[in-house]
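A, B, C, D, E and F are the chain letters, set down in written order, and residue numbers restart from 1 in every chain.
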């Protein structure tokens, strides 16, 4: 089965990005596919390459980058939400791309299920 | 009277930064002083110089920068919270500085009132 | 809303790759406006979805009904008033707007207080409608 | 907590400029842990405040009492367990921890369920205490 | 004057207003801001709670937040005072301390 | 199977659980995640609401979120099923759709 994932909140402040990651990893582990992870609202802040969390904490943007690389997952940051919040190519983490909201709608059409993680 | 202000949320997503700004502007208008505006949690995202909100919307980081310049206000971004979330000197907006949480405690000691704006 | 509308061009192209499939999209609105940005950004997704020729519905319940209250004047808080966009949805062929009767009543609101014509459904009717959707988006 | 502790050096210096004044600082904790980061980042401010020789108290009520529940095991969610830090507060001379009796009872909790010794106050006693503070910080 | 409490959440979404009113001490003031302004509207089950609360507390509501949400002043519960940002500043200055119910 | 509902808020902080339970249709499932897991604990006024809800709904709770919060499995309301992230995935796959109560 193919899952689409929407993340509405930024890293660390809310658990949304963590729960989405744990869900996605479990889905892959069970042989499902992740159609796309779409980052909207403050969710775009998951895509910063400048984050330097304490060494004893998880590195959320890096975790997504590695997940995308290992499992060939499409990580899409909403351009409009990102411009509002100061996420651009110059501070974008590896494995993320910036695109339009149409990518979210398309994920809703293509994926078998679209799950929303937020506040 | 001297007011200290703490902002816990980022720009746009929550109204906290807007309310804090309107409060601070009104305080200045009434002849009060703003001891410092301290940005913590997602509040650090108010300090990005990369934000490009739609032209018909307010530019929150720029509004703070101009406020600081016009009224000589100290805008402090918490370094630990900022590192977690990817705010650094390279994407810091004008008029903001990055420093430790001690600056918040000091504001609590020095200001006559410390007001908190958040979610 | 400007960037959302500009965005349509790019999105339509993507939409073509998904051509043929028509799904029932339901946008759930349970949050009041201005305190948070979800109402505004939700509306941006709704506008984009129109370009994909999907079967789009909007449900307003709990504090979401406050999004549609008329007479919003935002100059005082310095935030853009996005409520006129609800009136523009019609032009995008988005016509299925539902408010929940129970949520309206609890808040002392009637459809007279709203800025667009909407269909008022009972809680049971609206839940039933949501259950028939293919994609349910909450912000 | 590491960066918070490292941060103290820089902060102590600032603290000296504020030397002399001792204020009553109350940290209000009303939110549960892990769902949001407020509990953790609040604790970082508390640790820093210790370096300023202020009169520091922590109040836990509403869902804030959940912060102190013992036996937190966070490996499964992949988030660092910050609860041991509450036990370290003592070493920073932060000893005034108050939980509200009514909040505990509503949640079926007793002080036996908590990971640190705390003083349990009634709602009225705690509100009275908060009213005597100079600085009230909420996150 | 004692504490100024600020509440910024809708009374239909969170228990924050309840939590504040249950704990605010006699003679304190409560200022409703942001989504908290919905608590000040007539014709809801909250109205009775507000009337009850005004026996021991002064209740204020931030006008610009009301207007933004299309809530007209004539719908405000009788006895609740409408203030602007300047009034918010005055309240903060007049009270000994400010507690934000986040 | 019909809808899978997810609830991620504490029942003592927001009305989200109430809102979901009042609307979830017979035969649906509710999965409590993040701060929503507190709803699954025995010895609170919510317990009765849960027992009532289980007459028409299947209720699940995410184990890792329980453990993180120090909530032991023996304190979970009887009848509520504990699942891990894999179980969450299975529930999402087995139901026709997922509605997140944010």
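The criterion applied here is as follows: a contact is a pair of C-beta atoms (placed from the backbone, for glycine too) under 8 Å apart; a residue touches a chain by one contact, two chains touch by 3 or more.
Note that the structure is predicted; figures quoted are calculated from it, not measured.
Chemist: Report back the single chain whose CA centre is most distant from the CA centre of subunit C.
Modeler: The chain farthest from subunit C, judged by C-alpha centres, is D.
Chemist: Which chain has its C-alpha centre farthest away from the C-alpha centre of subunit A?
Modeler: Here the answer is chain E, farthest from subunit A.
Chemist: Once you count every C-beta pair in contact for both, which comes out on top, D-F or B-C?
Modeler: By number of C-beta pairs in contact, D-F is the larger.
Chemist: As a quick test, compute the distance in whole Å between the mean CA positions of subunit E and subunit F.
Modeler: Comparing mean C-alpha positions, subunit F is 33 Å from subunit E.
Chemist: Provide the C-alpha centroid distance between subunit B and subunit F, rounded to the nearest whole angstrom.
Modeler: It comes to 38 Å between the two C-alpha centres.
Chemist: Nearest whole angstrom, what separates the Cα centre of subunit A from the Cα centre of subunit F?
Modeler: 24
Chemist: Give me the residue numbers in subunit D that touch at least two other chains, ranges are fine.
Modeler: Within subunit D, residues 3, 34-37, 62, 77, 79, 134-136, 138-139 contact more than one other chain.
Chemist: Two or more other chains in contact with one residue: find those residues in subunit E.
Modeler: 8, 12-13, 15, 34-35, 64, 84, 97-98, 100, 102
Chemist: For subunit A, write out the residues touching at least two other chains, lowest number first.
Modeler: Residue numbers touching two or more other chains: 8, 12-13, 15, 19, 22, 41, 54, 57, 80, 83, 114, 116, 118.
Chemist: Give the pairs of chains that touch; include all such pairs.
Modeler: All touching pairs, sorted by chain label, are A-B, A-C, A-D, A-F, B-C, B-D, B-E, C-E, C-F, D-E, D-F, E-F.
Chemist: Could you list, by residue number, the parts of subunit F that touch subunit D in their complex?
Modeler: So the residues of subunit F in touch with subunit D come to 8-10, 12-13, 34-35, 38, 41-45, 63-65, 67-72, 84.
Chemist: Going by the contact rule set out above, which residues of subunit B touch subunit E in the complex?
Modeler: Residues in contact with subunit E: 1, 3, 8, 15-16, 19, 22-23, 25-27, 29-30, 32, 112-119.
Chemist: For subunit B, which residues are in contact with subunit D within the complex?
Modeler: 6, 8, 40-41, 79-81, 83, 99-106, 108-110, 114, 116, 118
Chemist: Which of the residues in subunit C end up touching subunit F in this complex?
Modeler: Spelled out, the residues of subunit C in touch with subunit F are 28, 30, 61-62, 123, 126-128, 130-131, 133-136, 138-139.
Chemist: Provide the residue numbers of subunit D that touch subunit B in the complex, in ascending order.
Modeler: 3-4, 7-8, 10-15, 17-18, 21, 23, 25, 37-38, 41, 44-45, 48-49, 51-52, 54, 134-139
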